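Just so it is clear, A, B and C label the chains in written order, and each chain counts residues from 1 on its own.
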Amino acid sequence: MNRLQPGRSLAGFFLLFTLLVAAGCDTNEQKKGGLDESSSAPAFLQIGEFAINRISPERAEVRDGAGRTLILIPREAPMPKDVPPSQVVRVPVQRVVAYGYFDVAVLRALGVLEQTLVGVTAPAKRWYIPEIKRGMDAGRIAFIGDAASVDYERLKQSEPELVLTWDPSVIPMLDNLQIPAVVTTTSKAMCLNTRMRFVQFLAPFFQKEREADAFFARIDAALQDIRARTAGLAHQPKVMWGDIYEKRVMVEPGNAWVGELVGLAQSDYQFKDVFGTSCIEITVERFLYSGQDADIFFTYRTGEMGATSKEALAKLNPLIKDIAPLKRGRVYAPLPHYIQSADRLDEILTEISAILHPEVYRDYHLQYFTELPECEPVKEKP
Amino acid sequence: MTIDTPSVFQLAGTMYWLAFLASLGKGTRKGVTVLLLTLAVLANLAVVFLRYHQAWPMLPMHLGAVALPLCLGLLTPFAGSGQTPQGQAVRRILLALIVLLVGAALCFPKDFYLPFLKSKTLLAHGFLWFGLAGKACFTVSAAWAISGLFLFRRTPERQGLTAAMHRCHRWAALGFTLWTLSMFAGELWSYLGWGTPVVWEDPALTLTMAAWFFYACLLHLHLTRAWTLRARTVYASLGGLLLLTLTCLPDFGPFRSPF
Amino acid sequence: MQHIVSRIWHALGSINLTVGLCLLLTADLVWGYFCLERHTPLFTPLNDMGLIPWMQTYGSHNLPWTVWFFLLLALLALLAVNTFACTTNRVVHLLAAKSMVSKRRLALKLAPHIMHYGLIVILAGYLASYLCTQVLTGRTLVPGAYLSLPGTGGQVRMVAFEPDYYRGTRLGFWKDEVITARARLLLDDGTTQREAMLTCTHPVRFLGYSLHMHDFAPKSQGGMKMKTRIDLHVRKDPGVALYLAGIVLFTVGLALYLYEWIIDRETTTL
């Protein structure tokens, strides 16, 4: 038997298979979709752990952050028989309850906040979004209770067609009420691409794909600007994002959007090798090691949680008092409305870039973060 | 008093390095080599114990980087006879590899992840330790192939190379058994914990499968006449080292100065 | 015609084909590591979605990152055929000559072939699993809530969440955290009821389904207040029995093979 024959056969098979795969390859995502008026919606869209699969003009399947599948059908379409009613969403949704600040902000980005939001899980005093305050004052938006103790009667009275939640424990009750729910959080931290595109995941629920694309384009433009401004900069600051609570250390992993943004803005994210969920726990030793030569530290805590100065932060967390940003660097805390500003993602990305590279953002005024002073401001005697 | 794990591991690395240097000598230094290796293994064992102490009953994350040198250190005296040139060469190769592994583990540690609850099962520990033992046997197998390649590269002596490859195959067979048991333990652990024997969230599983097919291939090569003895030796040696590097990759993190 | 079939059969059973396939599989899986590492969300749905739906969605729309997986499937299929042909040829020869060797010798000679058949059974089990498993993802239970199992009259009700919290000092980061997550379930098949304990590492089997705890809350006694819940993955997997049987078969063959290689065999010409 010719020694080379098996080798030739294998090579031929491999080449043939590759050609078959290449011939069958169709990576064009601009196939016409259904269930919307946009002709450019892709048939299958994957956004991190979320996905939309347009089966037909009358049906789309979405996969939420918990891996659950929901079916989107037009409002006037008959109820499908193969799916429980609590998994069917009639689009465009006209009444929605949202748990998270992030979800509310995305609704605002889509331009459907005032028209569709009927319930939230934070009282009026905690909101900074004017539309929410107006809606609650006018009685159009109800406070249905804290996320840990939702008033299901109040929720039922709001007659939502959809609930956007980060808490899967409400799903059994919502199933009983036949209200579909979408889990909008995932086990892994949202990467930058997912953060930018999440609006495209929610868009089909409201048939606002064009608005979602416009939002994405705006964010993308901001990123391009950041890339252009920071390209070639010699100084690459070392950045940390997290905090210590008693002896438990939580940080944003490298796969989170902040970690990716820091890298994109010509900076060195100290936890870029850490992979996992948002607020991932790591060892104290690693946190302190990374803090030895970091330049900038972003804390999770707001001023209300005690992040009013470096001195105050060090008192709250004696373990971190010796990290470089507290001793000779810069420390930033989010302002209270930061968490409700996901619709201004472009501005937030720009601000983070401005914090990292103030030399290319002259006269920039911070809107979403505040730099912590060294000490507590001295209170003037009355 | 808390014991600093990196310091103990540095001590182990130093002992391994000294044992390697001593192995380069002849005659009376054998006793010194054994003594230094014993001290190194004890220090390494202490590190593994400390990591387990910080995680038990759960699995310490990415323990492979510190535990593989321990497994290799324990196998070194059995890897080859200290009386023959080949056996001595294999021991020196293993000690050199151990020193490299310890150096890499010190400079690229991945010890900052906390253990997770689903690893609180004997199957998880079985998956780890069978895998480490298997990998250590694969390394010994590669060491035999390397020794055959270098000792007999200039001589037409086939018998020496044949003997080296025979030992290489035996260690590969033992390693393949342990690696397979590790995979089976892992699959059972995955099934019980996640409902599926293969969880497509950890990229390291593909490297585990790659190593399995690599050594399955090695164990079949003697059945085909298409590969000469020298070709099989190159496959077992260089390929073995490459697979070792790849399978160790998931256990290493970014550079961190050990000093 | 018979001659052609015989030639194809022998080509499929060629040891050179085995070697080539193993090499390709090794290379493909190494390639797959780098694709999987950078694009894990593309592959995570394989855990619950089924192979065909995955291929039609994630797989086909992200070919630069998933083509290695398609190649893996093809190579495994070819390996299964090759293994079957090669092994069957040799087993036939061995059994034909069985009168010339002792039973012990025959068993040792059959060891690699038992492993090969075990491998085929394992691969068949995986295929059945990925093609035919019914998975209900993200099924959340709170105390008192129930879950109906499709196609059966069965119901699963969560009675209580009974975790153990860590009270020691050795694991400082685990203080007051759940160290054992335990949920008491009531299984009702329509005629009888029984209780079962579900943990993170110990699923519950009921009416052909297996219930696996995917997540739970609260995870600690302090910290953010979370309502008590367990998230289940409910699976009806016809491939489990096959790949478990394959594992047993392979292990038996491996034990015999190891015995022969390490203890019994003398130096052979290689």
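Note that contacts are C-beta pairs under 8 Å (C-beta built on N, C-alpha and C of every residue); 3 or more make two chains touch, one makes a residue touch a chain.
From a predicted model like this one, the values you see are computed outputs, not experimental measurements.
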item	value
From subunit C, the most remote chain by mean C-alpha position	A
Chain occupying the middle, per Cα centroid	C
Of B-C and A-B, whichever chain pair has more C-beta contact pairs	B-C
Separation of subunit A from subunit C, taking each centre as the mean of its C-alpha atoms, in whole Å	33
Subunit B and subunit C: spacing of chain centres that average the CA atoms, whole Å	26
Chain centre separation (subunit A, subunit B; CA means) in Å	41
Sequence positions of subunit A contacting 2 or more other chains	6-7, 281, 283
Subunit B: positions in contact with at least two other chains	114, 226
Subunit C: positions in contact with at least two other chains	16, 19, 40, 44, 48, 173
List of subunit A residues in touch with subunit C within their complex	5-7, 9-10, 13-14, 17, 21, 24-27, 29, 44, 46, 48-49, 51, 53, 63-64, 66-69, 148, 167-173, 183, 187-188, 247-248, 281, 283
Residue numbers on subunit C that touch subunit B, as the complex places them	15-16, 18-19, 22-23, 25-26, 29-30, 32-34, 36-37, 40, 43-44, 46-48, 126, 129, 135, 170-171, 173, 178-181, 200-203, 210, 212, 214, 233, 235, 237, 240, 243, 247, 250-251, 254, 257-258, 261-262, 267-270
For the subunit C and subunit A complex, residues of the former touching the latter	11, 14, 16-17, 19-21, 24, 40-42, 44-45, 48, 57-58, 60-64, 67, 70-71, 74, 78, 137-138, 140-142, 145, 172-173, 175, 215, 217, 225-229, 231
Residues on subunit B engaged by subunit C in the complex (per definition of touch)	53-55, 114, 117-118, 120-121, 123, 162-163, 165-166, 169-170, 173-174, 177, 180-181, 184, 187-189, 191-201, 203-204, 206-207, 209-211, 213-214, 216-217, 220-224, 226-227, 229, 232, 243, 246
Residues on subunit A engaged by subunit B in the complex (per definition of touch)	3, 6-7, 272-274, 276, 281-283, 285-286, 289
